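The following pair of complexes shares a single chain, chain A, combined with chain B in the former and chain C in the latter.
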Partner chain A sequence: MANRLTERWHDEPWARNEEFWYSGKTTRRRFIGLTAAAAGALGATTFVPAPWREAFGQAKPFKIGVLQPLTGAAAAGGKTALVGTQLAANRINKSGGINGRPVELVIADYESKPDVGRRKAEKLVVEDKVDVGEGGYLSNVCLACMPVFEEHRTVYMIGVCLDTTITTSKCSRYIFRPFDYAPSQAVAFAPHMVNKIGKKWHIVFLDYAWGQTTRDAFVEQIKKNGGEIAGTTGIPLGTADMTAFISKITGTFDALYAIMFGANAVTFTNQAYDLGLLRKVKYAGDGAVAESTHLTALGQKVEGFTGVNRYIPVMTKPLDTPHHRKFFEEAKVLLKQMDPTGPDPDRYVQSNFEAMNFLKLGIQKSGFKGREDSMKLIQALEGMEVKEGDDFPQGDKLLRKEDHQAFLRQFIFDIHNGKHRLLDVVPREKTVVPPACTFPKA
Partner chain B sequence: MLPFDQLVVQIVNGLVNGMILALVASGLTLIFGIMDIVNFAHGDLFMLGAYIGTTVFFTTGNFWAALVGSVLAMALLGAVLQTTALRPLIGRDPLTTILATFGISLILQNYALWQYGPVPRRIVEPVSGHFQLFYVDYPWYRILVAVLSAAIIGGLYLFMKFGKHGIWIRATTQDRVMAAAMGIPVPWVHTVVFAIGASMAAASGVLFGPTVGVNHAMGFDFTLKAFVVVVVGGMGNLGGSILASIFISLLESLATIWVSPAQAIIVSFVALIVTLLVRPTGLFVPTPK
Partner chain C sequence: MSTVAPPPMTSMRALDSRATAERPSRAYWAGFVVVVAALAVAPLVLPPFWQRFVTEILIWGLLAMSADILIGYTGMVSFGHSAFFGLGLYGAAAALLWAPGPGWLASVWGVTPKLWAAMAAGLVAAALVAVFVAFFSTRLRDIYFAISTLVFSQIFYVIIFTWTDVTGGENGLTFRQPPFEIPGLLAVRFSGDGIHWFVLAVVVTSYLLLRRVTQSPFGMVLQSIRENEPRTRAIGYHVERYKIVAVMLSGLFAGLAGVLYALQNKFAAPDFVLFLISGETVIFTVMGGMGTLVGPVAGAAFFLLMKEVFSRIFYEYYLIPVGLIFTLMVIFVPQGLLGFARRALNR
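Up next is the complex of A and B:
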């Protein structure tokens, strides 16, 4: 980027002016003028890449405020999630933008902290004046930022956060979740868990918003399907050594269900294996435990793990489609730029990619021009049904009108020879749970 | 009635965790004791040491080469950091060194993310067996880590007690001005001490790496605990920090018999507050006569 900037600013009209180079006197007016021009050039180059500026001429870009944790404890996931957003933005701009206007990403790093997230969300809507918001990763940060978007009547298309309450008790007309949530996952996976893995379960969860609501959903569905819960163990987010928690998991049960993600999942699986727990009982859990980005770090220790996920990087039926292959290969190129090991895309890449495409369709359908048209965009998105294709390689989806929650097919998989192996596909219709949202009155 | 099996498991856990923590904390306390620097980058040196260990491990396939390679590389990096970023701040307000180490911490974290990417890395442990400890299959590797930590700390103790340069370091701790007057190259001692502290952090990172997976955030939790230990043990007191590590870890482990491990962490902070109120110089520092 730095090189590109250095090369380009020489070509700007203000820089060709000989007065600029040879005048020995810098007046205050000239200094301010040049500073403003330089800032403008820098800003434009930073947010809208040069090729798109040339392609779109004077068209005003849609400003999309992207919130991700790019530093701090959740940085690994945030950086992966951002790849999905960037991939979609690149494709949108390459294919002529949305209604002839390019997409400009205004990326904000919330440092994995809810208070910073809220502040950055405010900056995006107040100072950067973004048209819509996208992203999120940690559920507690999404929950902290939602009131900001609601207050400023700005649509926020969540890219990752899975906390159930986002589309139930804390739902908002301005907030959309274009991917699954725990009640759907539990409905999809619990029959397989109880009938094919074990009757008696111990649940280990990350002790914060997402982990707690996911635990509740699975406890309910395991019991509904005739299973039993032997116990639950909450582990605080970011615990470096989990042996104290794992060595307290005692009693008889058939299988362990882990609700973990990122480095926490890697630590838990490593240590639960080392302490013999995973050799005594069957191991299952949220798909985030065994994302493609974790498999190298877990090695043999995650072998045999069974999970449920909205996305797995396999090319077997029904995922052996040209749309999925295209998404997979393009995402892999971007991921390789971010991580030298070149990991396969995971669900964070997929859901952010598709979240951006939902926004694209919504803007196209509603004729949305800016934040003043937020209600039109909301109405266009409500009840939107999309088909599997280049924009939605994961499969068909319905963005339910009543709670802005999407329903999509789920993949049940295991880890076999260090790779994902698809065991079963639960169709979208079998993941539907009744809405539990009453939108606050505007 | 106290369950005997849980008691034994938690005592073993407490001792093992205490030794790992002692290795992290001893580097931190050494740097503070000699240089009066509260090193906020210690957890990041721990993390970067583990990452360098993964690079050497990936190249050689040998855990011990990874350990030695990482220790040497981080000693060099520690020396460079001290010379370039911290030495110019000697004699200034302590707040400036705190800010400097905080800045180094941010740089190292983001460097690790940029260089190694967000995907967690793996170092395979050299010993993979386990033994039955009541209801837990306890891994031999954790015992090995505790023994190696004790050996490294023991080696440091012998070096400080009997080595010529160790004596220089102790003299600098006692009286910097007098040490300089006696011909001890104090700035060089500072550099060496920071290098030793960094290499100990690296050793802990590589030793701990196989049990957690190496990621850019692995140092956060340990740094916080190490700071508690350093205060409870007596700022700059090496022996005190080691005893405090074992004391705090045992307290936490035993508390988990009755409460959730998440609540047991409170015990460390209670110990910290009590220490600051009752004996601010540290629980394991001899009372001045």
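Up next is the complex of A and C:
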């Protein structure tokens, strides 16, 4: 009920697919079905002892509070990320739920603002009484919401937020990040950058926390691998005209590394290409620069870009698995309902999909029944190793006990003929960095 | 060259006595007691989410009340209140994160008064910014004053956004809520009700203080500046000084609102220094009724409640009805929600 009250996009065509939702819009057919089910449930409630109710199909759903920016500056990414969560919830419910209980998503739009995020997180745990939290796109909002989940002793499985401190200096026992972070990406990609692309690098980054921490990680790893840093340039987040910053990128260097995402990445690539910078040097960067959702907007200008990403939508080895194909095709259907151009799934879809499946496994393993069992769920998730399969099409993963940070394989790719082309796979073991977290005492 | 001496104290007393000639009625105080009592029992009867919501309304209401000193009483529209609010927030955050641990202060009082350190740090930070902004902005008038305050708030926003090592940049700062403490006597953790009552006490005290200020001779001069600045200057008041003090006073209470927000929410983010917060503050003040002090609190409550309710009904389109209602109010109720009671509220 709460999700229907909260968000408008349930009425959008992509969300109207009845199979998409555990609970959705009421059609006549569904009304009759629901009425019959309600009568059955009422009978079960009235005449059947509580322990037997589950047997009558009255299993109480697991309420999963999902925080995403569905309006505001990060709306596009938030909606894409939500597709991953919904895809997983859909599959879980189709396969009988978790421990016999279905999953109900209670979705909250935090409008891309940290104060709203905080309030919505509070609403989820206090008013909607969710069992666990999932999602999050903007790191600053994740960081603002983390103390709410901690205070209410609720597990929060992050879906997108990349800021390094989430699992280092600001880590919490209640927070998990089931995907990679900048130090891992740098360790994975720097040898390729220095040995195969160029020795001397200029780094251009979005001048805020994520951009700065990622820059630091890459500067360290490039130097460690024998490369050189010619200079770094910070560009404020949301700068519409980047030409003033791009024209300052001068000197001699072999390649440019861009730490950008979303519309900023599109703007930078377009303008750097138009100013001739990308024709002079090799262009590489975070995988977020060349997400599949950007490729149409970037066209020829991103051709030849080399990047590192935890997920790329290609069907070549080792990603030509039935699990990946199934994930890709199902996600593509949902994405097309959201965006008629039918973009390929990206890492935001993948990480939210897998975040939900980590929760599923943790709940199954721990016998978690509700928020009072949060510590059991945490213990089940800590150190959990998962294998590549339907639930984890990206590959094997380890959710490290010491900092709740996941380690996974990384894909090095380039853009060839307007599409991702896999160049190399860095195994999970080669992405590991030492933990830097001390959990605060409960 | 002749100089105009400020009016003698006797004439200021005359202004004062004129102001206080009409004492507030019993109805006013009865209404005041009822509203405060209702706010005090709110956490006991409301569900937890709405309880927190009411506490937030009080905090935003205090911010709007502080803006009313400038907008409603002095006739200066400020778009810089986000800077005062934000600096209060970050000042408190700094004290909570980096104030000395249970060291020398503990040896003196037995506890480390982090709560009061946070309040002091927030107020000092806001006051310093207010001095800076006041010194430069009050040399300008009308739209130029408004623009200069906007520019200053954006300068502080950029500094906070990019100075990641200290401010946490876009991620902001998160910290623990300090306990409520009276040095040497007690230190207890805030409950949900406790923080509400603490915020209520601070907001009510602030209201009474600001009310006293606006009714003092100083407040009368501010209102005189609002009504006719050249004439106020002509009769001998140093208008710039009064304006500077007004901006500082307003900034100080805006900073106090920032401190309360930090204590309630335990995080600080650069978004709170962005001009959008200043814009919302002006809306609260206009909606509630300028020059009434309590009107802006009512305006904050009305606006925030409207946003919350409409966002549940109209989802991402909620700002359309909010904007329509605001436009209709400006046309048909230009005095704001409590503007009709302005005279009674200022007695």
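As a convention for this text, the second predicted complex is superposed on the first by the 385 of 442 C-alpha atoms of A that agree within 3 Å, B and C clash if a C-alpha of one lies under 4 Å from a C-alpha of the other, contacts with A are read in each partner's own complex, and residues count from 1 in each chain.
The rule we apply is simple: a residue touches a chain if its C-beta (ideal position, glycine included) is under 8 Å from a C-beta of that chain, and two chains touch if they have at least 3 such contacts.
The model shown is predicted, which means the values in this text are computed figures rather than measured ones.
J.: Following the superposition defined at the top, how do chain B and chain C come out on chain A, clash or fit?
T.: With chain A aligned, chain B runs into chain C, so clash.
J.: Could you say whether A:170 touches chain B, chain C, both of them, or neither, answering first, second, both or neither?
T.: second
J.: After superposition on the shared chain, which partner residues are touched by A:263: those of chain B (first), chain C (second), both, or neither?
T.: In the superposed model, A:263 contacts chain B only, not chain C.
J.: For A:236, decide between first (touching chain B), second (touching chain C), both and neither.
T.: Both chain B and chain C are touched by A:236.
J.: Looking at the overlay, what does A:76 touch: chain B (first), chain C (second), both, or neither?
T.: first
J.: Just checking: does A:123 make contact with chain B only, chain C only, both, or neither of them? Give me first, second, both or neither.
T.: The answer is second: A:123 touches chain C but not chain B.
J.: Please name the chain, chain B or chain C, that touches the greater number of residues in chain A.
T.: Comparing chain B with chain C, the partner touching more chain A residues is B.
J.: Examine A:299 and indicate which partner it touches, taking first as chain B and second as chain C; both and neither are also allowed.
T.: first
J.: So, A:248: does it touch chain B (first), chain C (second), both, or neither?
T.: Only chain B is touched by A:248; chain C is not.
J.: For A:115, decide between first (touching chain B), second (touching chain C), both and neither.
T.: After superposing on A, A:115 lies in contact with chain C but is clear of chain B.
J.: Per the contact definition in the header, classify A:341: touching chain B only (first), chain C only (second), both, or neither.
T.: After superposition on chain A, A:341 lies in contact with chain B alone.
J.: Run through 93-101, 129-137 or 201-209 for chain B and report the one that clashes with chain C in the overlay.
T.: 93-101
J.: Would you mind listing the overlap between the chain B footprint and the chain C footprint on chain A?
T.: The answer is residues 71, 207, 234, 236 of chain A.
J.: For chain B, which residues count as touching chain A in their complex?
T.: So the residues of chain B in touch with chain A come to 9-10, 13, 17, 20, 106, 109-110, 113, 116-122, 124, 130, 135-139, 141-142, 210-218, 220-222, 252-253, 256, 260-262, 264.
J.: So in the complex, which bits of chain A are touching chain B?
T.: 71-73, 75-77, 79-80, 207, 234-236, 238-241, 243-245, 247-248, 250, 262-263, 266-267, 270-271, 274-276, 279, 293-294, 296-299, 338-341, 343
J.: Which residues of chain C touch chain A once you look at their complex with the stated criterion?
T.: Counting only chain C, the residues touching chain A are 47-49, 52-53, 56, 158, 161-162, 164, 168-172, 174, 265-267, 269, 271-272, 312, 314-317.
J.: If we count contacts the way the header does, which residues on chain A are in touch with chain C in the complex?
T.: 5-9, 70-71, 109, 113-115, 118-119, 122-123, 126-127, 139-140, 143-144, 146-147, 163, 165, 170, 207-210, 212, 234, 236-237
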